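Each of the next two complexes has chain A plus one more chain, namely chain B in the first and chain C in the second.
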Partner chain A sequence: MSLWVDKYRPSTLSKLDYHREQGNFPHLLIYGPPGAGKKTRVMALLRELYGPGVEKLRMEHQNFTTPSNKKIEVMTVASNYHIEVNPNDAGIYDRIVIQEMIKNIAQAQQLDIGGQREFKVVVLTEVDKLTKDAQHALRRTMEKYMTTCRLILCANSTSKIIPPLQSRCLGIRVPAPTQEDVIKVLQMVSKKEGIILPDEFAIRLAEKSERNLRRALLMLEACKVQQYPLNAKQEIVEPDWEVYLRETGQKMVSEQSPKALLEVRGRIYELLSHCIAPEMIIKKLLREILKNCDGQLKAEITSMAAYYEHRLCLGSKVIFHIEAFIAKFMAIYKRFLEESFANMM
Partner chain B sequence: MTQNGWVKPDFGTASTESFYQERKLQSDNSTKHDSNRKKRPQEFKKSMENIYTPTSSSELVVQKKKIADVKCWLEQAFSTNNHQAQFLLLTGPPGCGKYQTLNIICKELHIDILTWEEPIRHQSAIEWDIENPIHHTEHNQTDSSFYNHLEEFLERASRFCTLKMKDTKQSCGPKAPLKKILLLQDYPPMIFQNLERWHNILLKFGCRGKIPAVFILTNNKSSSSMQIKLFPHDLQERLNMSTIHFSGLANTFVLKALQKIALKSQKATPHEVIQGIAGSCSGDLRSALNTMTWMNTRSSNDEKQHFYAKKRKLSSQRERNCLETAYVRDGSMDFMHAMGKILHSKRLSEVQCNTPGLPSHLLDKFRMPLKENVNELTRNIGDASHKVLLYLHHNYPVYFNRIEDVSKAIGYLSSVDSLSNQIMYKEVYEEYSLLTAIRGLMFSNTSVNGSTWRPLRKPDYFAITLKQQELRAEMEEVIGKQCGPSFFSETLPFMRLIRERLKITSASIQVPEQDYGHKLEDPQLRIIQTTILSSKPMDFEAPEFPVTENAGNNSGIDTGILIEEYED
Partner chain C sequence: MDAFLKTGKLSNQPKESAASSVSEPSQRKRGSLIPWVEKYRPRTINEVSYQEEVVAVLQKSLQGADLPNLLFYGPPGTGKTSTILAAARELFGDIYKERVLELNASDERGIQVIREKVKNFSQRTVSSMRPDGKPCPPFKIVILDEADSMTGAAQAALRRTMEKETKSTRFCLICNYVSRIIEPLTSRCSKFRFKPLPRDILVKRLGEICEFEKMACTGEVLESLIEASEGDLRRAITFLQSIANVTVERGPTIEDIHEITGRVPNHWIEGLLEKCATGSYDTVQSYICNFSAEGFSVSQLLIQLHERVIFSTEFSAKQKNLICEKLAICDHRLAEGADEQLQLLDLSCTIMISYQ
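After this line comes the complex of A and B, so read on.
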């Protein structure tokens, strides 16, 4: 049984449920928040271009050798016409991976001349996490192989992509679906699945999903699995790690001491070991602890969070920065408590 | 001929003539496989290390258990009539008595030691080979000859030995002094060029050779990878190799040994000096002995001055410093020791010199002077800054009392991490970052906790990254495509929720598998489908979060699942 998210993923451009605009084909830079449908659009576009052949996917492990003779293995998903890579897998050697791979693809020709297309497509995901070095390399590579290959870059935001790269691509923003969009899709899916979705529940789901369609569909399916005749007041299932993180936030508010910090660190490690993105951890933690803060503190703590999230991008050891944020919060919050206590006296 | 000038005056009385004669004798009677070690004692005849080499196993300073282990192995190796060669690997830090132990036990058991000597030695010491020039040119070849040399040695040794042994068995009986073991203790860097060949040589010898072989590997903490490279686990298993690890000598052991020797040598070495040497040698008896020899020769030269100083009881700071610099061993400080010094930073209780007072708005930044010289401390930590940082980070909160201090300290660490993560000028930044971290931690701790015992723990960082990689690889395999961050934070948790229920229902309904197939639109999903259906449903379940208090239990569950998969 496949997930509804994947089952009802539109496969052609005309089937898209919202944002029906389409782009012609220079290099593309597709950006938008998670769960807005970037990938779906890319796949639909490719299908439009090359027909159903793009769906014959195969997995490949490609090996690259760095100048210092270190071997990197990167996994790619490819069809005859396109290849999809997440260059982040290569860590700081992403520059080499990008250059080598695009060169290989651009130079290789189809054996069957009938199957030869004008160009191939390279889909790079998570471009905003590329190092500056790799982005600059990408700029040169893009121009060099313009005739034989097109790039589609996917990113969450353009702010971390260098301007020269942005100007070489046609930027397509894929905004998150509006709540109405989400509700519409939810209803459509439930109709196809033959289940009854109360309107109120759909609205609640859409609210809870934070305009992330993937999340909304997953939640719907999880709820349905949990209790079928869907009730308007039914509890909406959340990912377990979010519950866990919320508990962590409450711990931070309830006790501020080095010992408490150690405990919280253990929990953060637990989350990290489940591959939860560190940015997400900071964001969700912030949201949780802000509930307990006064107006002025809110600003202070938020700026702290922003500062350490930035540090997170600069550094390499994630835990240092998350912990720094937590400790700073604890210190600020403790000071606040002491002050307010003194005032009460 | 160039004479090693420093040997003679320092270590006294060995006259040049006798020195040469000995050498000649050596080179006359020695085959090229002769023991390297045998020569050395004569060269450095007068150095303390060798005068006072113990003569019986009771004199050894090594732990009794280790001695018994080695003895037991040797006895067992010769008692069994096994036709497979026996192997023993002795490891330990330098100067902890690996060779001495083996040597003495062998002497007591009447076993000869055949040492393999790396061929390059012959090149450097031309005069030794002068009588045999062909010999010399033979070794003046490429690296591959090195392996040949080793192989040849092993083969010859075993063949030669077997012949002899047959003889002795017939004539002299089992207690003949002709038992032999092979000893390898030099591993020239060339060996790493072709490790496979090295392993093959060992394996071959393991099949054919009939005499036991002992390998001595000196390893410090930093070069433990050598052991893994030279003797990987599977090789050790195939060779049936036993390992005995010597640890560095405890300070009290060294102290006792030094005192004994000081008594023997009839040279008055002040007690505090001996203590100082023992304290600073970090378990290396050889270096301790050498230091003591040197101290003695020096003090005999300017005995007067020393005596004078002692008589006047001028135990001034300067005198002590002078002594300290004399016997303190140069090199990296013990890692744990350094960590302790940083985390448990000590400050002077009163200011000695008058410093201008800080302006009022900076008063909270005032600290007493540190006892340690931080720059020196930083320089003496021999390990990679990356590792030091992780250890510091993992252990610092225990040493802090106030959360305010902690927040400052971790702020420094965070800066350090972003500072050290540079591609250009990495070394420079690393040094700066380490210094910043250490100073930051020391500065921000305003109230050092009392002296309760706090174990230094290994950072979880490594375990966590390993887990991440495993989870990622596992998911990639199951899903068949790369998983972005959104997959782990959104899809996976829900997937687990959904599947858990489905498993029960689908099992009860028992829908034929192919029914799903045609409904699928996304081809990527078909991959998932097949993998899930073909593999056990258990495999797919993501590890659950412990929403309850104890986070520790979870790791057990995780590994349990993983192990299950490896078995497949």
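After this line comes the complex of A and C, so read on.
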């Protein structure tokens, strides 16, 4: 029994919305928000190129040695025709992974050209998190080994990819599905599963999913497990951490004191230890607390959030910056409350 | 294992022959795999567009004059690498491979490599005759591409090597920003600035390629292509090839170009300004959520927003000042890896305030 998300993953390109000609394709840069179908498209493309053989995957561990003699291990997922790597696993040494591994793969030619394509495919995920060094290292490699190797780069956004790389790839933007699309897919899946999905409920699910199809499907499945038959007014199951974060936000608004700060700090630690991304925490907190703020204050707090999120990227200890943001918010909010109180007097 | 090594080496040959003889039917399929940027790289220095001074100096050295150490700098896609490669090919002909050492950012280029590889290579002396008896210059060329990404220590290690081996070796440094090359190196080279290519030359070159590839392309499309590539010929050619791949049956349109170059459609920018003008935070927030779900790049949006704001008449100078300052801050933060959505929200708040 697999999750619905995997069960209904489209397997061929014609089921997706774009279709490309075989034989000749340049390096690809596929970018779009999470849950828009980037990976699905890559797998479908590979299937189209090589046939069902690409689905025989195997995991491999590869070892690299850095110039400072530190050993790093990177896990790759490979079939006979392609190899998928997330170079970020190597941390700051990602440049070495790129240089060594891609050169190794690219330099070995396919032995039997007749039976298969004359090039292999390397799929690099989360390219936007690569260091600048590693991206520069990719530049020439991409041009030099064009005949034996194609790269498919996956990223959430092109902002963090250096222009020379962008200009070497054919960029494919994968927008997130619109709300109508999400509803359509939800209805299609529930039809195939033989369950009845009330229209109103589908709309509510789509709204909650924030145009992320994966999330919508997971939520649908969770709801079905919780209560069936589905009711239009049924509560939608949300991930625990989101509920927890929302409560944290409400706490921040209800009380501003060192004691409250300490309490919130404990909750943030709890979230961080469950591997919730710090950017996500700031974003969701911001959305939650802004519900209770006035217009002028909203702008101020947003700019604070942007400021601290930036510092968080540069710094190494995330809790400092989240805490600073929370303290700043409390100070601003308290001042605002006192001022409006004084005006009323 | 041997077989692997052999095939690896052989791979160079079919690639080159495919480039030169595209007409042969069996190799046509391979030829189509070569990026046009490589295919239409100038083969001789006379083919290099627009950069007269460099071409003149290199022409002289072709006729037997001495060649100084070179430092090429200029914006990307103006032909720096192409020029030196073409010159080297003309100078050395068949023995090109032995006489030229090309290192770029994808190779390891720490101080160790400079000390060992470059030094060893430059210490070898070479004859002034080719194996077939024709005369050729008695030196080798070391090309250090993307030299501005070399560390300071590695650059410093080059200093003495450059002077000592002038008899047998010439260096050619290529970079985008001359300010990142240490002073002692720049003073050892004759500097050439590569100017950004003017519009008409870009149009002409792209037109030639279109004709060669039998691609129907209207002048209008070429114009917008050039606008999107900002004077970078390599980018323009890559875009052209991508477009040719995508739109095989029909001719490319301006919308295709916007899609491929990743430009944000104008209605998004107008929409954002409109929503900011309403002054309601919640509408702006939901608009931005929608925008990021579309997958456009925020840094591209910033660039276009900047153009839009600077040349608009509806903003006062003070507003422009406020917005542009924030634009710069947000762009800086984005470059350092901050979250796109938050930065855009921050910027929109500033625009909202400036409207009040």
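Assume the second predicted complex is superposed on the first by the 328 of 345 C-alpha atoms of A that agree within 3 Å, B and C clash if a C-alpha of one lies under 4 Å from a C-alpha of the other, contacts with A are read in each partner's own complex, and residues count from 1 in each chain.
Simple rule for what comes next: contacts are C-beta pairs under 8 Å (C-beta built on N, C-alpha and C of every residue); 3 or more make two chains touch, one makes a residue touch a chain.
As the structure is a computational prediction, the values presented were derived from the model and not from experiment.
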item	value
Fit-or-clash call for chain B and chain C when the two complexes are aligned on chain A	fit
Chain B versus chain C as contact partner of A:Arg267, first or second or both or neither	first
Which superposed partner A:Ile236 touches (first chain B, second chain C, both, neither)	neither
Contacts of A:Arg215 with chain B and chain C, given as first, second, both or neither	first
Touching partner for A:Met59 - first (chain B), second (chain C), both, neither	first
Touching partner for A:Ile72 - first (chain B), second (chain C), both, neither	neither
First (chain B), second (chain C), both or neither touched by A:Arg140	second
Touched partner set for A:Leu314, first chain B, second chain C, both or neither	both
Chain B versus chain C as contact partner of A:Lys328, first or second or both or neither	first
Contacts of A:Glu126 with chain B and chain C, given as first, second, both or neither	first
Lowest inter-chain C-alpha distance for chain C and chain B in the superposed arrangement, angstrom	9
Doubly contacted residues of chain A, that is, touched by chain B and again by chain C	133, 314
Parts of chain A lying in touch with chain B, wherever the complex brings them together	1-3, 5-7, 9, 11, 34-35, 55-57, 59, 75, 77, 84, 86, 89, 92, 125-126, 133, 212, 214-215, 218-219, 221-222, 225-226, 237, 239-241, 243-244, 247, 256-262, 265-267, 269-270, 272-277, 280, 308, 311, 314-317, 319-321, 323-324, 327-328, 330-331, 334-335
Residues on chain A engaged by chain C in the complex (per definition of touch)	20-21, 23-26, 31-33, 36, 67, 99, 107-109, 111, 118-119, 133, 136-141, 143-144, 146-148, 157-160, 163-164, 166-168, 170-171, 173-176, 210-211, 279, 282-283, 286-287, 290, 295, 298-299, 302-303, 305-307, 309-310, 313-314
Chain C to chain A touching residues, read off their complex	3-4, 7-8, 10-11, 14-15, 29-30, 32-35, 37-38, 76-77, 104-108, 110, 145-146, 149, 229, 232, 234-235, 238-239, 241-242, 245-246, 248, 259-262, 279-281, 285, 289-290, 292-300, 330, 333-334, 336-343, 345-346, 349-350, 352-353
Residues of chain B defined as touching chain A within the complex	389-390, 393, 397-398, 400-404, 406-407, 409-411, 413-418, 420-421, 423, 460-461, 463-464, 467-468, 471-472, 476, 480-486, 488-491, 493-498, 501-502, 506, 516, 519-525, 527-529, 542-547, 551, 554
